[in-house]
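Chain nomenclature is as follows: A, B and C, assigned in order of appearance, with residue numbering initiated at 1 for each chain independently.
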Amino acid sequence: MSLLEISNLRVAYDSPAGTVMAVDGVDFSIEPGEFVGLAGESGCGKTTLAMSIPQLLPRMARITEGSIRFDGQLISDLNEEQMKPFRWKDISVIFQGALNALNPVQSIGSQIQEPIRVHDSSVNEVQAHERMCDLLEAVGIPAKRALDYPHQFSGGMRQRVMIAMALACQPKLVIADEPITALDVMTQAQIMDLLRSLCDKFDLSMILISHDLSVLAQTCDRVAVMYAGKIVETGRAEDVFGNDGAKSRADHPYTQRLLKAYPNINHERVFIDGIPGMPPDLSQPQHGCRFADRCDLAIARCASEEPRLSNFGNNHQVACHVATPPGANYS
Amino acid sequence: MTNNPILSIKNLKVIFSATVPGTRKKVDARAVDGVSLDIARAETVALVGESGSGKTSIANAVMRLVNPSAGSIEFEGTDLVKLSGEALRTMRPRFQMIFQDPFESLDPRRTVLDTVIEPLIIHKIGASDDERRAMAITALERAGLVPAEQIGARFTFQLSGGQRQRVAIASAMILEPALVVADEPVSMLDVSLRAGILKVMRDMRDRMGVSYLFITHDLSLAWMFADRIAVVYLGRIIEEAPSAELIANPSHPYTQALVSVIPVPETNSNRERIVLSGEIPNPTAIPAGCRFHPRCPKFRELGEPSQCTTQDPELHTITFNGEGVHKVACHFAD
Amino acid sequence: MNDVTPTHPTGMVRQLWRLGLGRAGIIILIAVAFAAIVGPMIFPFDPAAVGADASSILQAPGNGHILGTDELGRDVFSQLLTGARISLFVGVMATIISTIIGASLGIFAGYYQGPADTVLMSITDFFLVVPALPLMIAMGAIFGQNLSIIILVIGFLSWPRTARIVRSQTLTLRERQYIPRARSLGAKNMRILRVNILPHVMPLIIANTILVVAGCILSEATLSFIGLGDPDRISWGSMLHFSFVSGAIGRGAWWYFLPPGIGILFVVLGFTLAGQALEQITNPRLAADV
């Protein structure tokens, strides 16, 4: 049984301009101990999808259809009171820009202990302090710095503190929303390595949201690519990011073109390609494949019929009428 | 060395006065600590570094948005540092800037057309309103904003990030400058939009022969777009080479580490990653000797040689097969 | 990204109308403006016409006098309408002076900073700290009591608030990236102030101005009430003054002192409501509470 199972999820945002279907029919699952990357550009719905899991959506957003099951239990229809026991203890979140969300007048050690004290009444002060020290060591901060204040740490260190806080109650699933965006490239590498090692060490599952596909390749077990509210491709990292020489193994046209938008130093030095046009306006009803108008492989069927995710082997799923699984005969 | 460079920075220093947090003590923050760099006509040179490296301060100093504390910036034969007031203003059309944040760098209340015409009005270019308008329409079209009249009539707050950046480029290019300083022009845009913006910049270079000083933290982007890359660390250029050469044969340990951690959207990339520990120090506390030595893996490997802690290495040339010059500032460069 | 505060007057009025308080403010102001401008033309009684005989003194409403008569037999209602004009006139004129001084100083101090800022803000602080009423009394005593002096005095004492607010907004605007861009294009400072900063501060200035009008009207009423107003003009403050001095209150002549009092209340309320609502619309920091 999967740790998390999302089935046909639809999330709507109510705005004065109309209702926007930010997530429009998404199936997504994650196994225990799996490190999954959720990738896509701005507006694709990745943050909405992830934040609907612990029900941390903004006021104007609501789940309109579908279900989310955690460890077999249905959590998408729980109210706020019923949801609280799950947060921090089973599912915790590292928010975007979180490194700036630390309380400036409280020592970091005390802030890390807070979730422990609040959510786990069985733990006494000494145990909480011990666990806090363990967490600091686990994230690479010397325990003696527990009494220091956030302003005494650099950006990368503060992010480590946030990670320690997220792990404080030993959750089974951690959702990290763009955890490295504001950091330098060297610090990014450090934090990505850290997240991977923590995932392995504590055997937890992680959903890492990123608009940057290139940082996911090295660290994730699996990747899901989102576009306009839907998952267009998902699979093991080597199936989405791998390549046979110059040809990438990704099968969805959007993924393929997105990968070509990153300069790749392992290949020849060529000018990158973009994707002309813009994603569709999700306040309008959508017909057919949402990428069709920007896709140069589109056929007539793409405009009228929405493609469903189909399995290309090894759980490599692609939602495209034109893409063919390796070795298949298509008419 | 480039003959007759269009821009020649010599020993530039930008020193800010900062207070040590928690005290009243004033210290010098040496954001730029002796930088020399030449850019030739129609050449693109990238300044690559992490935040706190000083690359943005170098850009601001060249644009004279910040006053250099020492050094000279020779541009088309004139030292920009010595210019001020009206003399500086008359030179402005020759060197322009594209800013990082497309949402902040344009006045949201003005129309697109007004934004692009503004430089012409400031410098009294164009004989009539109609002529200026025509020039602006052409600039917008060249930046890929079509239909130009329609888009021109909109307010900048109505445009998307990518469109705004094109407006920024159009308004920088309308004066036909010889040098454009681009400060992270695509880092705030979605990846699929970047190619479009960079292509506009490349086309301008091909058409007008403009030189770029391209500031970025993204080494792979610099490799793709620029002819030469200069790596900046704590206010100094520690390595400089043609792009392909720098990525293929990085010589300075910092560059080697940076190149090794470049994220590549591939899984079968068998590069060994050198992940440096710690973070870039504050420019108020620049390490003695070689400023990189506290984090340098080679320093530790070689048993902490005293040269690294006492002597500040100078940029010196190393030989390689190919066009151009490869310079590095390290006592033990490869 | 698209929530640009409206600069166009119709945009502002439309947004103002949507806010309940703003709507109330606008209604009151329109009523007052109508009364002040049109009123004296419609109602025939000459406010200066003294009563024919002793029996016309302090008459209760009736007999053609909608609000009765004062201690000299003059029609109170006409005085009310005429007084409205003076009160509004003084309020508006003083505000114009105050806004011009305050906004200019505020923008200059906020943009140029450095020594200019320090000097200008010290002057501003001085005027903020000086007790306004005694100063007004002193100036009235020195320069005499005529309308122009009163306008100047009130105007001079109310610009600090505007200056502070404008300076604060300018400081924020100065950091927006389009200012360095304007400088890199070669724009002169005056141009940047005029084209890039002023339009963005304007909405705030307008909102603040309306609030200042309320304050100036109140200041005028206060001065007139204590007898420092222009003796040749009828204003609501002077009506209150004479009603007090003539013992109308003791005589229960409510028609004499209540109307001007309520009038002042309404006008100040109207301007304050409209001004505060406008401030909520234009000041980005307050806008979050809307």
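We take it that a residue touches a chain if its C-beta (ideal position, glycine included) is under 8 Å from a C-beta of that chain, and two chains touch if they have at least 3 such contacts.
These numbers come from a predicted model, not from an experiment.
K.L.:
Using the contact definition from the top, classify how the chains connect: line, ring, star, complete or other.
P.N.:
line
K.L.:
I'd like the most central chain, judged by C-alpha centroids against the all-protein C-alpha centroid.
P.N.:
Of all chains shown, the one whose C-alpha centre lies nearest the global C-alpha mean is B.
K.L.:
When the centre of a chain is set as the mean of its C-alpha atoms, what distance in Å lies between chain A and chain B?
P.N.:
About 32 Å separates the centre of chain A from that of chain B.
K.L.:
What's the distance between the Cα centroids of chain B and chain C, rounded to whole Å?
P.N.:
One centre to the other, that is 52 Å.
K.L.:
Could you state the distance in Å from the CA-based centre of chain A to that of chain C?
P.N.:
The mean C-alpha positions of chain A and chain C differ by 56 Å.
K.L.:
Once bound in the complex, which stretches of chain A touch chain B?
P.N.:
41-42, 151, 154-157, 184-190, 193, 211-218, 237-238, 241-243, 257-259, 261-266, 269-276, 278
K.L.:
Note which residues of chain B are touching chain C in the complex, please.
P.N.:
60, 63, 65, 88-90, 92-93, 96-97, 99-101, 103-109, 118-119, 122-123, 155, 157-158, 168, 171
K.L.:
Along chain B, where are the residues that touch chain A in the complex?
P.N.:
21, 50-51, 160, 190-196, 198-199, 202, 217-221, 223-225, 243-244, 247, 257-259, 261-269, 273, 275-277, 279-280
K.L.:
Can you tell me which positions in chain C touch chain B when the two form their complex?
P.N.:
1-2, 4, 7, 176-178, 180-188, 191, 195-196, 199-200
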